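Got some structures for you, see below.
Okay, so subunit A shows up in both of these, paired with subunit B first and subunit C after.
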Partner chain A sequence: MSQTATMAGSTPATAGTVVEARGPKPKPFFTPRKIIIYSVLVFFSLYYLFPLYVMVMTSLKTMPEIRFGNIFALPQAPTFDAWIKAWTSACTGLNCQGLSPGFWNSVKITIPSTIVSIFIAAVNGYALVNWRFRGSEIFFAILIFGSFIPYQVMLYPLVMITREMGIFGSLQAVILIHTVFGMPILTLLFRNYFASLPQELFKAARVDGAGFWRIFFEIMLPMSLPIFVVALILQVTGIWNDFLFGVVFAGTQNYPMTVQLNNIVNSVQGTPDYSVNMAATVLTGLVPLTVYFVSGKWFVRGVAAGAVKG
Partner chain B sequence: MADTAVPLEAGTETVNRPGLLKRILLHNLPAKIAAVPMMLTVLVVFVGCTIWTIYYSMTNSKLLPTGKFIGFDQYERLFATSRWNVSVTNLIAYGVMSLVFTLVIGFVLAVLIDQKIRFESAFRTVMLYPFALSFIVTGLVWQWIMNPTLGLQGTLRNLGWTNFTFDWIANPRMVLFALLIAGLWHGTGFCMVLMLAGLRGVDEEIWKAARVDGIPTWRTYISIVLPMMRGVLVTAVVIIGSGIVRLYDLVVALTNGGPGISSEVPAKYVFNYMFSGGNIGQGLAGATMMLLTVLIIMIPWAYLEYGGKGKRT
Partner chain C sequence: MQHSVSIRDLSLNFGNVKVLEHLNLDIAQGEFIVLLGPSGCGKSTLLNCIAGLLDVSDGQIFISGKNVTWLEPKDRGIGMVFQSYALYPQMSVERNLSFGLRVAGMPKDEIERRVARAAEILQIQPLLNRKPANLSGGQRQRVAIGRALVRDVDVFLFDEPLSNLDAKLRSDLRVEIKRLHQRLKNTMIYVTHDQIEALTLADRIAIMKNGVIQQLADPHTIYNKPVNLYVAGFIGSPSMNFITGSVDGTTFTAADGTKIPVGAYDFAASPAGSLKAVLGVRPEHILLGDAAQGMPFKTTAEIEIVEPMGSETLAWTKVAGVPVTFRCSSDIPLAVGDKVTVGFDIARGSLFNAETENRL
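This part shows the complex of A and B:
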């Protein structure tokens, strides 16, 4: 960042000496260079789009049509039967309730986990920027470093801790785990955001006698809507897509959608119904895909925010 | 680290009336209370659980973590187990390929998108959407596409290309490439976004100067722009690398470790021993090895980022 800043500062000196043509150059549309660029991009786009196409098309077919063996083909008579079956009656072993319980479990996990983790991280970020105390930076450094520790390292002791707390195998346990493991990235996000706000606002409120929570709720929160949106997108997609924590901490009754999906598709019993499998897969992907397409640039911002170093 | 903190700290100090040593604990008390969840997370989970795991990996714990200290025996057992060794070899092979291809494809796509093309946002949208999906969805879709009888192979054979072969998912020697195709599908768009941000951060003047000097475009990218993007590259390597070490969901969904044990990975080994193998000590030893791997990736990065602070900026 500082490098580009110094570069930008030195522009007037060089800009005077280099004579650059202004305005767009008239160019023919089909240059070899452009043909190469677009063909590579189109090739990769096909690679990215092909699975989506196959997934949706297969889900709209019937099994006899699938057995005919052409995954490129459009469905002859598109039907949502497989979607209905996937939602209501697809089997995992002996349990034939479809994906809908998993969907609602995922909703029950995602909403509270998102709210709790974002709130705690926002407070952390605020405290780290405006109310530093002895050791606060060390805690933050370990927090960030800790986000790189493989989950498997902490998994077993966390099972024991949640068991001691009496919440193992419940929604509370999953929510707690998501809050803990969402903390590093979210805290980083909020810390960087609050650090970018003008400190005078905080100081003025401080001089006027406002305390920790008052400044947080009345000054900081109203100004941080953008970063809340980014955090929201990051958490909703991240928690919805989680598999490991759901399978370990939620307990069989509370398995999230990803776990149930995997159990439905990869269960060894019976002949596989590929249209139902793909319908179930589309259904599970629908929530994050909706978030992705609705949020547009915000998703990119969230993804990039994860990569911005503190 | 503390240079920006000093004026702030001083400011709050005057408000709080400067003074007693006792106030150290009470100083910013609401902030300390608010930060309790963070402190607990750091101390209990990131530090406590990690130390616990390292310690109990040196015990002979079986069903419950109550065993007695036996030193490095679990590690000896670990590296004498063929499933673990296969897992490690797989992770190294997959990891190197995945890292290289993700970076190269991500960079190339970012460069192409940066050529002031039409439909830029459409291309970006298409490239990034897989990243929004879970590894389970990714694995299951590709499992279906790579289904030998009814997937891509079957389709092309039905269409007349009778000796077309794409049975990687069922072929022990090729199954890692099947994982790679699915993994790249999921992750390259993310890498592209990072790289594009890096490219856009390079000053226009650099390009003008390179053009004036008559340096060809590809040469400018490799010799000037890439080195300038070092920060983004290092970040990308660390994020992609630590993701690779964690590789678990994708394997479970796509191959479940098969055929046989040919696509097993360490994370899956650890999980199975801890939760269904009834041999916690083994699982914890495997987990500690995973931690060690991450440290080997992280320490050079931490050194580059924070160690050499003085000479940069």
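This part shows the complex of A and C:
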């Protein structure tokens, strides 16, 4: 009797003893499945991180050390000279003030474009879902169709339009263009989000007597923080990374950071200063990078939320 | 007499789909009307039309004698309670209750007075500073009712207000809504697919199917004298037993030849000659054993299935060749295979024309 009791209570150390299943199922850590998944993940993270590693390391080296050619090596004497030069005194075309003017130009373009486009798109999406008007579906279809037309096709007409408006080559022009081109995707995003909110809330607000703007500001907006964060991320990174519209519409004195970065890197005078180029590139990418790091979770959540309901 | 709500010849189409067709409904002051029907019958659509949340295709709506067909919801003198409560999630209970009043630009002290009164009636004073997320389902629905209450309206509209609650809470709140109606004496229009809610709450029930009101009557009439086969089958759980056959004078002959005397039946108009008909009898009107002996119709039947429900027992058997359920006291021992005598009085049953499906 006592013999069997001990047997039943013992662990599966001895071969041939069958342990009765009880409690949580044991999960061994090293299963073939996990090993494969983690190796693939590690491989691809390294693959994508290497360029960043090379850039940051190169930017901290001196030119003689770079010419030595060992791009994967750590810098022997790390120096931030290249960063300082990229920010304050590298030559972008004829100006030698570094990237800082470009940074501030990008800020001046990104902030108003983001705010204006998100606001208009939010109102669009809200109106399309809750205040159906005659032809609202067609309006929406045309808007979405707009996002499939390549930018290049519209470039020349837009140049003519902004010239006729007298704003070509100014901040207003580039802000206007960014706002217009942000409209299809942002409207879709907001429309889908508002469609996922309970319709009865809107009805209740109407019975309570609230009108178009009151419902928008007091009922819908406070519930829409997640989708605003998503829109913010999309717009900030998209507009910050834009090159084409900046170079075409902003005018030379308002070139955004991306255009100035190009001017530094593609400068044909003198010997190319790789450490400055690398530092300038990392500096330009810093804003979108920060946005992604800070808001990565929100971003995924928002995209998932926006994409599910059509 | 002036009607509280009067719907005249109302039609509503979504594209080619006719949701409501030439619907007429007059509701008296202080009446509790329940719109009952399966999903898709147009009952919620009708309520939304009354509320002004949907534009009608044709017809008119009058509330308190005023034509409100073209008026905004807020100007119609209605308050509405939704199935999903539809509380504004970012506002406290107090702000939820006062939102409509603030929109209307009412003075602060008047708002406070009305919110306090509504909170007192619904006993939600301790919840006033909470957000809807921190309330239980029952509390949320109370706040939603309160939102209609503070607006001091003539007509309350309820759109399946209890459907999201569990069974226990549902019956509690059902009683509370009834109490509220007795206290306020407002006109209430209540949409539900739950026949128990309809039977317990309503002064009159409007049973709807495919956008048409089938029968509008008090619960007793609806239950005992359904106007057609649809109403008869929809109301009652377990549903009415139907035996098809034909009626000739005072005799109903079932499909298998069983003859059932129907002389005691209260015909609306005596059918001339032989007529294909359906005989309906409710499970609780079928009596068993000694009680069945005195019935105008009785027969012997074999018990096929027994479902004990606690307070009573449901049993399945065959009468005139068709499956029939009957209810009896749970004290009566019944076993599968038992041969019992069952009987009923046609005066408590219903007869329908098999072709038109209308009551004879």
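Observations on the model:
Note that in this section the second predicted complex is superposed on the first by the 262 of 310 C-alpha atoms of A that agree within 3 Å, B and C clash if a C-alpha of one lies under 4 Å from a C-alpha of the other, contacts with A are read in each partner's own complex, and residues count from 1 in each chain.
In the analysis below, contacts are C-beta pairs under 8 Å (C-beta built on N, C-alpha and C of every residue); 3 or more make two chains touch, one makes a residue touch a chain.
Please read all numbers here as calculations on a predicted model, not as lab measurements.
Of the two partner chains placed by the overlay, only subunit B lies in contact with A:Y151; subunit C stays clear of it. Once the two complexes are overlaid on the shared chain, A:R206 sits against subunit B and subunit C alike.
Once the two complexes are laid over each other on the shared chain, residue contacts for A:I37 go to subunit B alone; subunit C is not touched. Looking at the superposition, the partner that touches the larger set of subunit A residues, subunit B or subunit C, turns out to be B. Once the two complexes are laid over each other on the shared chain, residue contacts for A:Y274 go to subunit B alone; subunit C is not touched. Of the two partner chains, subunit C is the only one touched by A:I219; subunit B is not. For the contact definition in use here, the residues of subunit A common to its subunit B contact set and its subunit C contact set are 203, 206-207.
Considering their complex, residues 1-2, 5, 8-9, 11-12, 15, 24, 27-28, 30-32, 34-35, 37-39, 41-42, 44-50, 52-53, 56, 65, 105, 108-109, 112-113, 115, 117, 123-138, 140-145, 147, 149-152, 154-155, 157-159, 185, 189-190, 193-194, 197, 201-203, 205-206, 208-209, 212, 228, 231-232, 235-236, 238-239, 242, 245-246, 248-249, 252-253, 256, 267, 270-271, 274-275, 280, 283-284, 286-288, 290-291, 294, 298, 302, 305, 313 of subunit B touch subunit A. Residues of subunit A that touch subunit B in their complex: 2-4, 7-8, 10-11, 14-15, 18, 20, 37-38, 40-41, 44-45, 47-52, 54-55, 58, 66-72, 120, 123-124, 126-128, 130-134, 136-137, 139-140, 142-143, 145-146, 148-158, 160-161, 179-180, 183, 187, 199, 203, 206-207, 211-213, 237, 240-244, 248, 258, 261-262, 265-266, 274, 277-278, 281, 284-285, 288-289, 291-293, 296, 299-300, 303-304, 306-307, 309. Contacts from subunit C toward subunit A in the complex involve residues 48, 51-53, 72-74, 78-80, 82-90, 99-100, 103-104, 147, 151, 159. Across the interface of their complex, subunit C is touched by residues 198, 200-201, 203-210, 214, 218-219, 222-223 of subunit A.
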